[in-house]
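Each of the two complexes below includes chain A, the first together with chain B, the second together with chain C.
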Partner chain A sequence: MKRFIVPLLVIVAAYALLPRLFTADSTNSILLWLPLVLTVALGEFLVVVAGGIDISVGSIMGFSSMTVGIVFKANPSMPLPLAILVAVVCGLILGLINGALVARAKLPPLIVTIGTLATFRGLAFLIAKGETITGSYVPDSFTKLSNHGIPLGEVTLNWLAITSILCTAAFLWFTTNTALGRSIFAFGGQPEGALRRGIAATRIQTTVYALSGAMAGLGGAMYLSRFGQAQPGSAGSGFELTVIATVAIAGTKLTGGAGSIGKLVVAAIGVSALNVALSIQGISDDWQTLVYGSVLLVMVCADSFRRRSEVVV
Partner chain B sequence: MRRNILPGLLIVLVAVIGNRLSPNFLDFAYLRDSATLVAELGLIAVGMNFIITSGNIDLSVGSNMVLTACITAKFMVGGMPAPLALLLGVGIGTLLGWLNGVLITYFRAPSFLITVATMAMYRGAAKALLGPQSVKAPSGIVGIDTQTFAGLTIPLLILLVTASIGAFVMQKTIFGSWVVAVGSNSRTALYSGVPVARVVRTSYTLTGFICGIAAMLMLSRLGLARHDLAMGSELDIITIVVVGGTAIQGGAANVIGSLLAFILIALLRSVMGVANFTAEYQMTIIGILLIGMVLANRLPLKLILQKLRPKSQRAP
Partner chain C sequence: MVEEVESNGLADQTGLIASGISLSFGGQKVLDSVDIHLEPGRVHAITGENGAGKSSLAKVIAGIYRSESGSISFNGANLNLKDPRSALTQGITLIHQEPLIFPDLSIGENIFAGNLPKRGPKIDWDLVFQRSRALLDKLGSNLDVRTSAGTLSIADQQMLEIAAAMSYEAKVWIFDETTAPLTPTEVARLFGLINELKQQECAIGIVTHHMDEVFTISDDITVLRNGKKVVQLLTQNTTKNEVVSHMVGRELDNQTQCAERTDQEIAFQIQNATGPGFQAVDFTIQRGEIFGIAGLVGAGRTELARAIFGITKPTSGQLKLDGQPYEVNNPGEAIKAGVVLVPEDRRGAGLCIEQSILDNTTLPGLNRFASKIGILSRNKAITTVLPKLDDLATKYQSLDQPVGQLSGGNQQKVVLTKWLLEEPKLLILDEPTRGVDIGAKADVHRQIRHLASQGVAILLISSDLPEVLSLSDRIGVMRKGEIVGTLAAAEATEALVVSLASGGQG
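Take a look at the complex of A and B:
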C-alpha cells in the first residue's frame, strides 16, 4: 500500500481541489478522460521501462485520428471494429518507424522522437490535406462509444473505458507471463547484462516502440470518438506531456527497469481526475501546462533523488 | 573540416532550389533579412553546442526565451526604463538556464527529463502570466533587426560575434576542453579532476544567458510578447547543432559548423516560405533533416570510402 502513496495522493489532491468530483456527473467526465490517458500511457510505460522515451505519441494520435476520420468520410457505413483496426495499424506503422530508428540505426530515442514528433504531425496534415474532420463525417455510432456502455447506477462505464481496461489486462499478462514482456524489464534495468544473458536488444526496442505507436493509434481513435471532431494541428498535440507525467507519477523508474502497471492505472485515474478538477474549477488551460510541468519536475527529481547515490556523476 | 562538407553541399543545393523557385532569391538584402528572422535560433544553438557536447540536452530553450520575453515586456509596460528591463531580461534567461543546470546536477537526473518538465513549466508560466493576450513592447526598443552595420543586421552581427566567442571558448580554453571531456566520458573526466557538475551547470547557465539575449532580440524584432511564440524552436536549434557536425552523443564539438548549419536552416526556411509551405510542413522537413543527419553521421564513412577506392590503394 505504501508504494501506491504518490499516485493515490494525486487522486486525493484532485478530490480535495474539487469535492464536487464525488458526483456521478463528474465521475462520468473522469471516465471520458481515463481511456485516453490510460491507453496511451500503457505504451509509453513500456518504452520508459525499456530505458527509452517516446515523445511522438501526441503526433501519432493526431495522425491516426485524421486517418480514421478520412476513412469514415469516404465510407460512412464502415463497421466500427474495422475503423479501430485502421487506427491501431496506423499507429503501429509509425511506431515501427521509431523502433527501426532506435533499435536498428541505434539513434538516441529522444532525438528520434523529437524528429518524428514533427514529421508525423506533418503527415497528419498531409493525409487530411489540412482540413478539419468535422462532426458530420463521424458517425453517431462511433461517438456513442464514449458515452454509452455498461450502466453502473448513475455512472456509465463507457465502451472506451472498457477497451482501455481490456488493454491494461493484456499488458499485465504480456509483462508478467511472456518471456518477451519480462525481458523488457531486464533489458531496461541493465542493458549490458541483459545482452550477455542472450536478450536481443533490437527485438525489445522494436517491440516497445511499435506497441507505444499502436496504443497511441488506438488513443487517436478514442480522441475522435470522444470529441467527435479532430483538427490536424491540435488533435493529440501536447498529449505526450500528460502521458509522460502519468508514467512518472506511477513511480516508474525513469531510467528504465522498474515500474508497475497497477500503479499506472491509479496514476491515470489521478491524472484524469486532476484534468477534470482543473477544468471544472475554472483553472483555465493556461495553468494546466504549468501544473503538469511542475508535477513532472517534482516526480523526476524525487525519482532521481532516491537513486542519487548510485550515480557517480 | 570534412565535417563541414555536407552542410556546405546542402546549402548549395537549397540555394539552387531557391533560385529555381524565384529568380530574385539570391538577393543579398533579401537573404540577410530572412536570416535575421531566425537569428535567435542560431544564437541559442551556440549555447546548445556546449550542452550537447557535454553529453546532455536542453529542450526548454524555446520556453525559456518566451517566458523571459513575456516577463520583460510586462515590466516594460509597468514603466520600468528600457535599459534596466533589457538587463533584467538577460538576467531572467540566465536564471532559468541556471535552474536547469542546478536541478540536473543536484539530483543527478537525466537532462532530457528535467528539461522536458521545465519546457512545460516555463511555457506554462508564460501562459499563466499573460493568458491569451499579447503584450506590446515600448516603441523605443522595437526594430533592432532593421538596423544594419557593415552590411549586416544587428542580430546577425551578434550571432557572428557570439559564435566566434563560442568557438574560441570551446577550442582554446580549459573550460572548452572540460566540456568535451565530460561529454566523451564523464566518469573518466571526474576521476581526472574535472569539476563535472560545475561544467554542466556552467553550460546550462551560459545557454540561459544566450536565451536571455535571444529573448530581447525577439522582443525587439516582433515588438510584442505572447505565450505561443517560438513553438517547437528546440527542434530547429537541435537540428542546427547536429547538422553543424557536433556529435549528438557528446564529446565532439563544432561551433563554426553550427554557423554553417544556421545558414542552411535560414535558407531552407526562406525557400519553404517562397514555396508556400505551411508551418507544419516546414516543421516536418526540419524533423526529417534532423533524423537524416543523425543517421548520416552514423554511417561508417571510412569503410564506405575505403570500399570505393581501387583495390591496389586500399589499406591492408
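Take a look at the complex of A and C:
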C-alpha cells in the first residue's frame, strides 16, 4: 500500500481542492476524463517501461479523431465498432512509424516523437482540408457512448469508461502473463542484458510504439465521442503532457524497467479528478498546463532520487 | 598420445566446430579465418593478448556477432546463428565477463528472462520459481528466488547468468574472462562448476589470458594473435612459456634492467605525513628514480597516492616537490604543479571512452595546442601526440578512432600518452598494467623506464609483485597505512617483500 502513496496523494489533493468533487455530478465529470487519460496512458506506460518515451500521442489522437469524423461525414450510418476500429488502425499505423524510426533506424525516441508530434499534427490538418468536424457530422449514437452506460445510482459508468477498464485488464494480463509483456520489463531494465537472453530490441520497441499508437488512436475516438466535435489544431493537443505526467505519478521508473498498472489506474483517477477540480474552479488551461508540468518535474526528481525500487512480480 | 588425439580430432564431428570464422569492424580485421573445435567433455582455453580476437570469437559462436565467412556446426549439423536467441535455443551459451541483470525483476524471473515457461497461453509463474529454486540449489546458492535482483553481488549476478544458461540445458559453454570480477573462493567455485559441466559431456571454451587459469582448468589451448589462430596445443604437453611466446610472437624483455644509479637531486619528498588511510609516511624520490610501493590490498597504497594527488588532504606532515613546499587542494592544482596520477580504473576514471584518441590525449593540456586567440590547431596536436603514441607502440587505426574500440593494453597506452604530454615531475602510476596483456605490459614497462631515464620521478603502485621488483629502484613496503620497510632493488626479493607486507617474520 505504501507504494500507492503518491498517486493517492494526487486524488486527495484534487478532493481537498474541491470538496464538491464528491457529488455525483462531479464524479460523472471525472468519468468523462478518466477513459481518455487511462487509455492513452496505458500505451505510454509500456513505452516508458521499455525505456522510451512517446511525445506524439496527442497528435495521434488528433489525427485519429479527424479521420473518424471524416469517415462519419462521408458515411453517417457507419456501424460504431467499425468507427472505433478505424481509429485504432489509424493510431496503430502512426505508432508503427514511430516504432520503425526508433527500432529499425535506431533514432533517439525523444527526437523521433517530437518530430512525429509535429508531422502527425500536420497530417491531421491535411486530411481535414481546412474544415472542422462539427457536431452535425458525429452521430448521436457515437456521442452517447460517453454519457450512457451502466447506471450506478446517480453515477453512470459510461461506455468509454468501461472500454478503458477492459483495456486496463487486457494490459494487466499482457504484462504479467505473456513472454512478450515480461520482455518489455526486462528490456527496459537492462537492454544489453536482454539482448544476451535473446530478447530482440526491435521486437520490443516496435511493439510498444505500435501499442502506444493504437491506444492513442482509440483515445482519439473517445475524444470525438466525448466532445462531439474535433478541430485539427486542438484535438488531443497537449495531451501528451497529461499522459506522461500520469505515468510519472504512477511511480513508473522513468529510465525503464519497472512500473505498475495498478498504480497507473490510481494515478489516472487522480489526474482526471485534478483536471475536473481545476476546471470547476475556473482555473484556465494555461494554469493547468503549468500544474501538470510542475507535477511531472517533481516526479522526475523523485524518480531520480529514489533508490532502486524493490518491485517484484 | 598426441597423434592419437589429433587424428581423433580430424575424424570427430561431435561438439562444436567453427571453421573459417572471419569478422571485421570498420575495415579492421578482428578475426581472420579462425578454426576451433570445442569437444564434448573437454575444456578448451582460448587465449591470446588483449585485442587478439578471443572475445570476438566467443561472441560469434554465441550469435552476438555474425561471421562474414565460414561455418559453425554442432555434432555434425550446420547451425545458422543469426542472433543470440538462435544460439541459446541450440544449446550454446556465453557467460560474459560482466554480468548484466535486470535489477527490478525477481531473481527467478532474472534466470528465466527470455525463456519463461508457459502453461497454455500464460506464463507458469509457479514453475518459474520452482525451477529457478532447483537451479540455484544445484549451484549451492540459497538466494530467495522471489526477491528482486537489484542488490546482488557480482558473483551472485554471474550465478544468475549461469543458472539462466542451465535453464536452456546448454551443451556448449563459453566463459569470457569470467574470473576477473571474482574473489579466489568464487573462482574455485566456478572452476568446480566447469569441471562438473565437463563431467556432463558439455563442450566448454574459456577465454582468458591468465596462464594460471589456462593450466589449472583446460585440456586444449588455442592461441590467437592479431585475429589469427596461431596454434592449438594440448595443455598437458606444453608449458606456460611456450604458450606465452605463441601469444606474443616475440621475445619479451622482462629482465631487470636497473642501471646503477648515481646520486641525483631529490624530486619529491614526503615527511612524516598522516592522512586518511596512512600514517607517518616518510620517503623521498630522486629525479629519474622509480619508487615502488608494495603491500597487500587495503595497506593504504591507493590512499597515499590520492592524498599526494590532492584528492584527499594529509592531516599532518610535509610534502616537497623540487625542494619547494607542495600543498594542493585538488587534482587540478597537482597537475599544474607537475604531479600526475594515472588511475587504476581506465574506463571509468582515465578515459572518455567515446571520444577519439586525439581528443583524449590532448584533453588535459588543450591550451598548448591553441593559438593565441584560443583556436585549436589539429596539426600541432597531431605532431605532438603521434611520436608519443609510437614510442609506446600503440596499436590503432587512426587518431580519430574512439578509444573504446581499442584493447585494454592500448587504452592504457593512450592514458599514459595523455599524461606524458604534461611533462610531469612526479608520475604516480596506480596498477598501470592491471588487466593488460603480456605484450602490452612489456611496452608499458619499457615506457616507464624510458620516462625515468628522462628524469621523471615515478611512484609505482602495483599488486603485481614481479612488476614492482623488476621496475623499481627502491621499494617501500606498506602495511596498515605505514611504510614498514624500504628496500633497494638489489636486496629486494619476493619473499622479503611479502613477509614485510604481511607482517610475517622478516
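Going forward, the second predicted complex is superposed on the first by the 306 of 313 C-alpha atoms of A that agree within 3 Å, B and C clash if a C-alpha of one lies under 4 Å from a C-alpha of the other, contacts with A are read in each partner's own complex, and residues count from 1 in each chain.
Criterion: a residue touches a chain if its C-beta (ideal position, glycine included) is under 8 Å from a C-beta of that chain, and two chains touch if they have at least 3 such contacts.
All figures in this text were calculated on a predicted structure; none of them were measured in a lab.
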Between chain B and chain C, whom does A:G130 touch in the aligned arrangement: first, second, both, or neither?
first
A:G115 in the overlay: touching chain B, chain C, both, or neither? Say first, second, both or neither.
first
Please indicate which partner A:L290 is in contact with in the superposed arrangement: first for chain B, second for chain C, both, or neither.
first
For the three-chain arrangement built by superposition, which of chain B and chain C touches the greater number of chain A residues?
B
If you stack the two complexes on chain A, which partner ends up touching A:A194: first (chain B), second (chain C), both, or neither?
second
Output the chain A positions appearing in both contact lists, the one against chain B and the one against chain C.
308, 311-313
Chain B residues touching chain A - in the complex, by the definition given at the top
57, 59, 103, 107-110, 112-114, 116-125, 127-128, 131-132, 182, 186-187, 189-190, 196-197, 227, 232, 234-235, 238, 242, 248-249, 278, 280-281, 283-288, 290-291, 294-295, 298
Listed in rising order, the residues of chain A that touch chain B in the complex are 53, 55, 101, 105-108, 110-112, 114-119, 121-123, 125-126, 130, 232-233, 241, 244, 254-255, 284-294, 296-297, 300-301, 303-305, 307-308, 311-313
What does chain A use to touch chain C in their complex?
176-179, 182-183, 185-186, 189-190, 192-200, 253, 257-258, 308-313
Note which residues of chain C are touching chain A in the complex, please.
64, 83-89, 94, 96, 99-106, 109, 113-116, 118, 121-123, 125, 146-148, 150-151, 161, 164
